[in-house]
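Letters A, B and C mark the chains as written, and numbering starts fresh at 1 in each.
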């Protein structure tokens, strides 16, 4: 599978990387340990002690860095061994690869590229502490290639089938095409459903013009807004992007991140919740419960798909019209990946 | 391992393929979905959607066929896609391989050959609804090559050892040879045990001439009759096939099917029970309980054997005299398989 | 990984190989069954019936040997088939490889070499029935290469980190080097810790000169004595080997054996307990409980290390000064293994 390396990958929710407890993971097959310095700042490095290969994620956070708890090699945040118990000198090559790491919008992001990390490339997500939103969050690990999850998120026609019962999306949803626009680092999806039942919570006999839009960005970040508008709004905005201040029902947002851990394994991280003017903590908690139901439907389907593909190495996909979006994104990934190698 | 392809393989008990619920399996390593049309008739096809490889066994049975529940491709019973949500035309190559499938004697049989399916080759089993028999049924999945289970069923000398406690078969059983006759599509096993304890249920101090006979047929179907006869019956029939109407004790029958799912995996399906004149539902249920005990003894042995063979790729078997039957059947399989390739 | 073949490997604790129950294992990847003859003596042979490869460890111990419980082949202690049910003659090549096996010091030892077994090479361990010691015992199976466990036992500086909480060994322990002496078939480790807290049990405000010494012998046998001595003893013996009769606190002993089962799998067997003059059964039982806690700490670390190494085939260790002992032993293994091939 092809992935862009010059990108910020979400390693985990910030809250799951507490002070004093190293966090071990893999991204693109590389073992990585992330830990907090005493000042709370993050460091990320190869999760493999230079001495005998023990994982540093079983190590101990100390004032001066991270100590491997097999034979006591101490690493500073620059990945250099600064102490080897039982000997005076430390060889100059006693160091591990480090990774640029930032904490932003409640996520820990790791730069996997070989070039200088570009802080401007961190996608503009919304953190759990944003006062405008009431966001819950969760995560799942997949026995599937990250690209299969990306494909899933790039073709929302699956809502009519995979989520027929959980999200109660009818077949008609899949029969219409969204408006899709290429972005520099992804694609933008927009879609009006006019004269429709309310998206969330409200009296189901009422009717709205519902709008959903998401950006799906390298290396696998989904940022989605949706809401119900007064009938006629779609026409008023010529079926284009509305002013969200006009929304009168169920405005909600979700951040999602898909991270390739290693071949055939991926992590899926998500938030979801209402705008503060369109819901409360109870609605948020119910939305997260519903998200777990629905995202487990995706997991069941995608992991089953992965098994079929694993047994069918020669299988070629037969794209449908909905795959336009998938192909747009896939070609962007391939283009950027090719530039990296050149 | 060598298997005959021009043959009907048992996919499952009919009752486990209900209306409205697609059944996914593999046979000879090929992923297959079997489902019932609204009229109850069966259809079988490749369990892999042409679109993105999702398993159709997670699909939805509809009036017009089977719908993939990933992105909604609808398949008719001929394996052709008839609807792609969001687009008008369906490409003509949007179809999957289909398999001839019949329902007979309570089993779902799938033809795995590339030639025209030959209905006459379905082995003549006995269904669970046959009024002459009271048959219970069961199934087990093995982590072992189907051929190892076939080998087991072709050499009943294992009863003296594997089933020493469950079936209480003494060492002497293995010391005698059965009469074995080649058939066009298998072998026939016959054996008298004279002046012996009753096979099932009766006063254990009584003595009978017990007779067992089974046909073991391509691709792995065992059909076995056994019963106790008055002393002298073996001699009267010159140790050949008796008239079963003369049986006076414990006449019983078992259908068994061994299906190669994929390399190293097999399914074992079995019925067992008394003739209606020689038992009742209570005896039938006790026989199935006993079958599970005994067949788990086989499973333990064969799965352990499989592990040894897996670690010993160069191992050559050293056939015993009892292996005559195994070799007869194995040569038939090799002959038929060779003819298929020619 | 390189292992010496002309050596006695510990298969299991004697008590786990009872009369009447064959014991199946693998050593260096070879499947082996060990069983007791009616006189209690041991026999060891390939755990794979010549007939169809069934494991003999599922067999039945009889007066005349071990009977395969698949189709009844009977083996004598020389590995020869002596009976094949249903046929008169036994082919002369119906035999399996046998292994020299001895029972000594509560362990079952198997010679894996192709040369004549050398009884003098059985390491001089201490049995569970030795009246001078109160030894408990245990065992663990590792998902790790045996060599990684050997490496662990050859570098005790890990005590300061892996066992910081269980054995309460401070960082200072790792900062000093032991005295290491090469032996013909291993290495000897010796170390004084002067003016230190008592090793076991005693008033923690008291101070002792603690001494530990172990021999680590081919193919992976650790024999360790430790104890506390009156202050000044280290100086008196010039920091060399003391007279253990002078010990005044916590004299204890542990036998340990590391056996490579197959690539990536190992068995770890251990005893531990006080000298009869320095403890009782309650102390012994508490020591075994503590051993399980501590040895599980090793297991967690080493299995995690194994996973990292498995994913990092090109990883090269960077030896520290403490690795002197590991390298000494590793070179001995390589030298002996090379001699075997020559």
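One rule holds in what follows: a contact is a pair of C-beta atoms (placed from the backbone, for glycine too) under 8 Å apart; a residue touches a chain by one contact, two chains touch by 3 or more.
What you see is a predicted model; the values in this text were computed from it and never measured.
Chemist: Tell me the angle, as a multiple of 5 degrees, of the rotation that maps chain A onto chain B over the C-alpha atoms.
Modeler: About 120 degrees, rounded to the nearest 5.
Chemist: For the homomeric pair chain B and chain C, should the interface be classed as same or different, according to whether the shared residue numbers exceed half of all numbers used?
Modeler: Comparing the two copies, chain B and chain C contact each other through largely different residue numbers, since under half are shared.
Chemist: What is the distance in Å between the mean C-alpha positions of chain B and chain C?
Modeler: Result: the chain centres lie 48 Å from each other.
Chemist: Among the residues of chain A, which ones contact at least 2 other chains?
Modeler: none
Chemist: Along chain B, where are the residues that touch chain A in the complex?
Modeler: Residues in contact with chain A: 29, 31, 47-48, 50-55, 58, 60, 67-73, 84-87, 91, 93-94.
Chemist: Report the residues of chain A in contact with chain B in the complex, numbered from low to high.
Modeler: Counting only chain A, the residues touching chain B are 151, 155, 157-158, 160-162, 164, 171, 174-177, 300-301, 304-305, 307-309, 311-312, 315, 317-322.
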